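Each of the two complexes below includes subunit A, the first together with subunit B, the second together with subunit C.
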Partner chain A sequence: MAELRRFLVRRLLTFIPTLVGVTFIVFVIAAILPADPARVWAGGEKASPEVVQRLIEEYHLNDPIPVQYYFIMKKLFTNTMVSPVTHRYIWQDLMTFFPVTLQLTLVAFFFIIVIGIPLGILAALKRDSLLDTIVRIFALIGVSTPIFWLAYLLIYVFYVKLHWIVLAGTPTPPYKITGVPLIDSLLKLDFQTFAQIIKRYWLPGFVLGFAGIGVVARIVRNSFLDAYSADFTEFAMARGLTKLRIYRHVLRNAMIPVVTVLGLMFGGLLAGAPITETIFGLPGLGKYMLNAIRLFDYLALTGSVFFVGLIYLVANLIVDILYAVIDPRVRY
Partner chain B sequence: MAICEPIIEVRNLKVNFYTYAGIVKAIDGVSFKICRGETYCLVGETGCGKSVTARALTKLIRPPGRIEGGEVIYYSDEGPINLLELNEEELRKIRGAEIAYVFQDPTSALDPLYTVGYQIAETMYEHGRVSKIKEGILRAVEVLRNVLMPDPEKRVHSYPHELSGGMRQRSVIGIGLSNKPKLLIADEPTTALDATVQAQLMDLLMDLKRRENLTILLITHNLGLVAEVCDRVAVMYAGNIVEEAPVEELFRNPLHPYTKALLRAVPNPRKKSVRLESIPGTVPNLINPPPGCRFHPRCPRVMDICRSKKPPELWRGDDHRVACWLYE
Partner chain C sequence: MSEEVYEKKLLDKFSDAVIDAFASLADKIRPGWKKRNKSRIDEWKLMAYAFNRSPPGIIGAVLIVSFIVLAIVGPYLAPFSYDLQLTFFDPDAKRAPPGTVIEIKGKLAEVLGVKPGNYTLILGADDQGRDLLSRLLYGARTSLVIAILVMAVGPWIGIILGLIAGYYGGKIDELIMRITDVFLAFPGLILAIAFSAVLPPRISVFLDNHPDVRDFFLTLFALKPQHAGPLASLLAVVVALWIVWWPGYARLVRGMTLSERENIYVEAARALGVPTRWILLRHILPNILGPILVYLTLDFGGVILTEAGLSFLGLGAVPPIADWGRIIYDGSNYFPKDWWTILYPGLAIFLTVLGFNLVGDTLRDVLDPKTRRSIEFKVKKKREG
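Right, the complex of A and B next:
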């Protein structure tokens, strides 16, 4: 356990340079654009010079970029960063918009796991059969289908024709535990709210996860077959173990590469959310970031990037911890 | 020679591998009989079909391989059974319980994600020797003690990567013996180990054989080992048994040209020689094996008939057989 704590501290320390790096890059790209942010924020052409001047002082816009960056990060960490466009605290915005994105990502992740993994195992068990070929084609279609096209197609089928889904509103229960309604309603065993949330989110989640399902199925298939052809599987047969038990050995060994991919994919889903959120009208972090870019609100943008980066790093940390749970050879 | 009470008898076994390059006729009509209580050795160079033969005994051949013919009669306590006619579940009950295996490389034979204790326990559990895995892990301590594992109470909770090569192979032998099998098939059990550990493990195997009343089928390419531990030896070449004899007879009076060449290739420490002896030519491609005797392209005493007709099995005395036209 002491080893685990040392490992966690070490890993958390590596978060710092990574987060500084990503936020700095985004900030620099935004700040070097030949635009006049203070004027945009103050209302464009008709902005009064005094307001523009005050904005320039408030955000140190005439200082060199590293100084600007320093002040922005200081504001971010002391929770004094107010968006010059929405006039709200950035952290407050993030806490409002992030749960929507997280819910969307969780639903997408759920589809990837419950469809992708069994499909991959089936394809491995029926290797080179029709099913295996179908999974292969499905994976190819998955990665090459544009999300927006699939989204509109499914909206047409499930909303326009079948009326199976809801396309407006974001169900929020009156109570708050973690701040994520999906998780809160489950914790409270409030299945009515839960059903509402699912009804709103299942299709966007499916669309977002669609590309991942096929990819995961292929990886599960290949690593399952790798483990199945390993010596220890043959020895397990020679030991006279039942089929079920042999598959358990194979599956656990096959999960090691799958966990890696799932971890990376979770980050990818967060990043892929903007398009899905825009199409389905979900007020999530992705939409918030797109809005911030449109309004030249690079403070909100830098804050969001910081936050998404943090989530990504945490997801990878969880993957590393999971490794050690699955594989005793992994030591911290 | 004592009367042979057979434990397993192989008749005309044939195994093919269906690869993209063509059909590999890996085992082409192999027959032999193992007597209860003996150590029977299969020797031959890499790729001659020793391991495939051993695995085919309990139908452990995976695609693209297929057993194409023959019989494997196992003389169980309830009477003779043809193993090749059993279904998967009946075979499973025999594998690991009546006929156990020890594989060549203990590092890859053990599942890296489970402790050796667990792997011993589940082997016993699946054959109904213990009613719970937990009980099996307690019993595994005894199993490990039996194979002279140092500190078995601790080692039972070790993962394979925490053990040395020798300790891993001890665990594999322990798994093999955990259900008190009648026949132990040891497929090059010491090849992947250090020379010093090899000797220890062979001593252990022979000691266990005496204590547990085992019959051992030992597969090896090490002729020194053969001379030391085997009772009877079969020499394999390219999917055929070319000669079979009691060990002393084979070393004193080898008949088949391949056996002779093989014995000459063993370096003699008492004789100074400039270069090592080798057998000219290479092992044939088994997709298109040479017609007739498969050894004829490399044989120093090849005759016309060898090129066209497969030699019959000829008996020289009651326990020495050779497949060679020279003795017709």
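Right, the complex of A and C next:
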């Protein structure tokens, strides 16, 4: 236990320099601004010089680099960054857009787990069979498919032809517990809202998760086979355990690498969201980022990159800790 | 190893001929190379033999070769230029479905340098009345050039940093890996989006100051001189993908270098006073190149996919540049009626990326020494039995 604690302390300590590094990259993005951002923000060529001057002062655009860095980080960490274009608090915006992305990611994750893991186990059990080959090819197809293309193909089938999905609106229940409607409606046992959300989200979620399904199936298959050829399995066979019980042992051991990959994939799904959100018209983080780019709102862009980086970092931290807790053999 | 025991098919003879030709070339440049590397050449032939036994690998190789050939000759093969609006000749060309026949005649054809006559738009036309087939052919060039530019630099930053970190260890290792961690702290696509959004103005200024560099890239992308503006945003994507594509390699190569440097041959080289640079590039790198090669192949497809995704989001390729992702983005406004502007470019991306993934996946097996030994073993058994 002491060892685990030492690991946690060390892991948390490396978290801090990484976070500082993240702020540097975020600042670099903010610093590669186009020639005259204040003029763009004030409305282009016709902007009055006073407004431009005021914006330059307000956002420290002509100050030395360290001052700019201090200004941006102070505003980001105290959640007081105001967008020069929309005049709204960026952090507040992020908080309203993030639940949509999170819901989307959760649905995608659901598909990956529910389809990917059983598929991987089946492929391992029927090793070198037709099914195994199909899973292998499916995985390759999954990572080769442009998700924006897949999205349109599936919209054509499920929306234009079959009408199985709703493509407008984002249901928001009148109550608020976690702020994520998908989870809230489940907690409140409000199945009507839940069904509405699912009807809106299942296809985007599937599209987002598509590439991951095959990848996870492959990893589950390989780690299942690794565990199956391990000494403890042979021992279990020698003891004459039933097949089912052997598989249970194998599965538990095979899941360890799978958990790590799933954890890392969660962050990757968050990142893949911009494309899916654009196609399905979901007002999530990715959409917010792209809007910010369109409006030359570089501070909102910077803010969202920082936000995503922060979430990704925390997700990886949790994965590492989980890994150390699940697998008692792992020590760093 | 006697070669006669293998049942050589036509494909094997072809791959052997390619390897032999390469060996003779190397022998001409550096006399004695062939003799010194006899075992290596045999091993390569065995790899090709194993590769030729894998149908997915062959399908992938065919896909890759056709993509590269089309990307090189495509712009010359295309019936029209990527930005030619056929609506000048026939108003029906706007959003024309596949198979539409248009007639090109009159003075305008002369001015625009198009041969008069009847043309069948095999894949249809987009909302500007531009021939989709021509745009797809030019788009292959865009994809290939971007992928080559990214892969020629991005991963190698990571490989070199990984070699240095793994070989020296200690503080240098710690520093490099912390920097790598910072870049890995962002999901790749998000960072790529951010950088390709903010970089274009800077690159534009650079290109204006360096006309020769600009002209070089214009030729490379097969663009008309008047489209130098959109070039900046294409190159912004390249730079953005450099930034995103190195950290994974740094981590991978560092790990492999760590275990490789413990080998006796590294110690021997060090004892002989071989310079470190030489040890890293000539001794360690060739020995860890196998897995790297697999990742490079897979990532070549990955870059094409990511670039198309960025273009789809409105970053990267700007009209009128032909880019597969951008064609889908422009076509999506007319979905589902104009299905051809989405189906065909998507298919092009899919088949290209699939090609690289199939080959990469097969290479993983082929480069695994176990696979090759098992082939030798099988042959031996066959001969004895």
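As a working rule, the second predicted complex is superposed on the first by the 305 of 332 C-alpha atoms of A that agree within 3 Å, B and C clash if a C-alpha of one lies under 4 Å from a C-alpha of the other, contacts with A are read in each partner's own complex, and residues count from 1 in each chain.
Please note the rule applied: a residue touches a chain if its C-beta (ideal position, glycine included) is under 8 Å from a C-beta of that chain, and two chains touch if they have at least 3 such contacts.
Because the structure is predicted, anything quoted here is derived from the model rather than measured.
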* Asked: After superposition on the shared chain, which partner residues are touched by A:P274: those of subunit B (first), subunit C (second), both, or neither?
  -> second
* To do: Name the contact category of A:L8: first (subunit B only), second (subunit C only), both, or neither.
  => neither
* Thinking of the overlay built on chain A, is A:H249 touched by subunit B (first), by subunit C (second), by both, or by neither? -> first
* Is A:I32 in contact with subunit B, with subunit C, with both, or with neither (first, second, both, neither)? -> second
* Asked: In the superposed arrangement, which partner chain does A:G240 touch: subunit B (first), subunit C (second), both, or neither?
  -> first
* Asked: Who wins on subunit A residues touched, subunit B or subunit C?
  -> C
* Regarding the shared-chain residue A:I183, is it in contact with subunit B (first), subunit C (second), both, or neither? -> neither
* To do: Please indicate which partner A:Y152 is in contact with in the superposed arrangement: first for subunit B, second for subunit C, both, or neither.
  => second
* In their shared complex, at which residues does subunit A touch subunit C? -> 14, 17-18, 21-22, 24-25, 29, 32-35, 136-137, 140-141, 143-149, 152-153, 155-156, 160, 267-268, 270-272, 274-275, 278-279, 289-290, 293-294, 298, 301-302, 305, 308-309, 312-313, 316
* Which bits of subunit B are touching subunit A when the two form their complex? -> 55, 58, 60, 62, 88, 92-97, 100-101, 103, 105, 108-114, 122-123, 126-127, 159, 161, 172, 175
* **Touching residues on subunit C, where the partner in the complex is subunit A** => 56, 178-179, 181-183, 185-191, 193-195, 197-199, 201-202, 301-302, 305, 308-309, 312-315, 325, 328-329, 332, 335-336, 339, 342-343, 345-347, 349-350, 353-354, 357-358, 361
* Touching residues (chain side subunit A, partner subunit B) in the complex -> 229-232, 234-243, 245, 249, 252-253, 326-329
